[in-house]
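Okay, structure first, notes after.
Just so it is clear, A, B, C and D label the chains in written order, and each chain counts residues from 1 on its own.
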């Protein structure tokens, strides 16, 4: 079980790789995620990046480990995303110091649609919390 | 017509107020937006804040005006959001200098559920672009 | 005694107002803070904003209270700052939830030099820590 | 000539490496940069990171190229920095799309003082502007 299963199902997100400190997630964006200009709402790009971040920071978890939660995130939008594109988000752990973690996520247009062109760069800050504090049954 | 109509419909977001530089948006979060701990995925909190930001920065637009788009955003998560809570996002323009804008969005638990407790603080950076550049027909 | 006395002296920063949750700091930027284009290095604008943030978040402290430290900050540069301008940074507490705090700082060109034109917007994240943990004698 | 020569001199910053898209800068922090708890003011950590960012983004410049300027930056403080430590900041270009750039800077305690322990992670956003717009003679 993972930290955001229903989000993943609701948006048909596919997880290619989840290892300790890394995760790759894919999502095909749909017309329903676009504004009237045909450009995908940045909130969905964030949602995909944030999902990859959640998996990367919890990928090595088991039922006894503390849970990692997001405390803050920053995203820069570099290119508009057209409807029907497939996005891929690559999350990598950058630093861990005590309970604090920093994760970088690059969101790109997947091949063959976009040839890997970067559409957004995301950085997440996380902290670990005791499992009992968030009522987790996992 | 507005910048994110379908996003608004898909998540049943209600817009209470949209005036030049300000917007208030509400959304009831559902169990489908929660992780296995019963806590709402931060991506949905961002989505609501980002929607309020989009309306605040485009609220005074008409068909001839340039369109304002997000270039970056930062969010800090201050409290976990339980499933079934109603969230309210208040967006206010903070600064506009040339094409650049800064908007602050506070996301709170709406009364009577949460008594206005703040769950996240969001800051968005925007830029205005000529309408023809994004192919908008509006 | 305050959290950054020597920084204040080294840069001739003046503190007009320090109350619980608010602080106003002023600094005249000098040619030594400029790059070869005559534009002030953004690091000095950050330094002034960060000082106002430190005072706002610790302004009501006494020797028995926990100390507030910065955990993260974000700054957006909106206008270039010319050498010899006087800058004023206004810090205001935005949210406090448990140990966490969010402070906003607006940096402007002071009258009569700049008529209050905003040059940067800063947001700081803080946490309170027990005084003994940082070895403070204050 | 570089973008922040006088800042470099004023703080005795040494540049080990400046190539297109990368820069490494070192600075020994002094007691004058510390607060009354003996901890270095975060503004100086930012100043060093921002300097490395400026060099990385302008390292390949010559008199005919456009100049890259910072538009925004975010920093997360991960460990306190003691007075007299030597800091090293490693800046790397992450993405360039049109005029926009993203640079990551890791600030660490240099050997033998700190064994490379990370004290802060910085991310800068930049844009290129025509040289004539900033009055540069370089």
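Note that in this section contacts are C-beta pairs under 8 Å (C-beta built on N, C-alpha and C of every residue); 3 or more make two chains touch, one makes a residue touch a chain.
No experiment lies behind these values; they were computed from the predicted model shown.
When chain A is laid over chain D using CA atoms, the rotation angle comes to 180 degrees (nearest 5). For the pair chain A and chain B, the fraction of shared interface numbers is greater than half, so the two copies use mostly the same residues to meet. When every chain is reduced to the mean of its CA atoms, the largest separation from chain A belongs to C.
Chain D has its Cα centroid 28 Å from the Cα centroid of chain A. Averaged C-alpha coordinates give centres for chain A and chain B that are 19 Å from one another.
Centres computed as Cα averages put chain B at a distance of 33 Å from chain D. Residues of chain A found to touch two or more other chains are 72, 74, 76, 125.
In terms of inter-chain touching, the protein chains here all touch one another pairwise. For chain B in complex with chain C, the touching residues are 74, 76, 78-79, 94-95, 97, 100, 102, 104, 106, 117-118, 121, 123, 125.
Taken in their complex, chain C has these residues touching chain D: 1-7, 10, 31-39, 41-44, 46-47, 50-51, 54, 67, 69-77, 80, 134-138.
Across the interface of their complex, chain A is touched by residues 72, 74, 125 of chain C.
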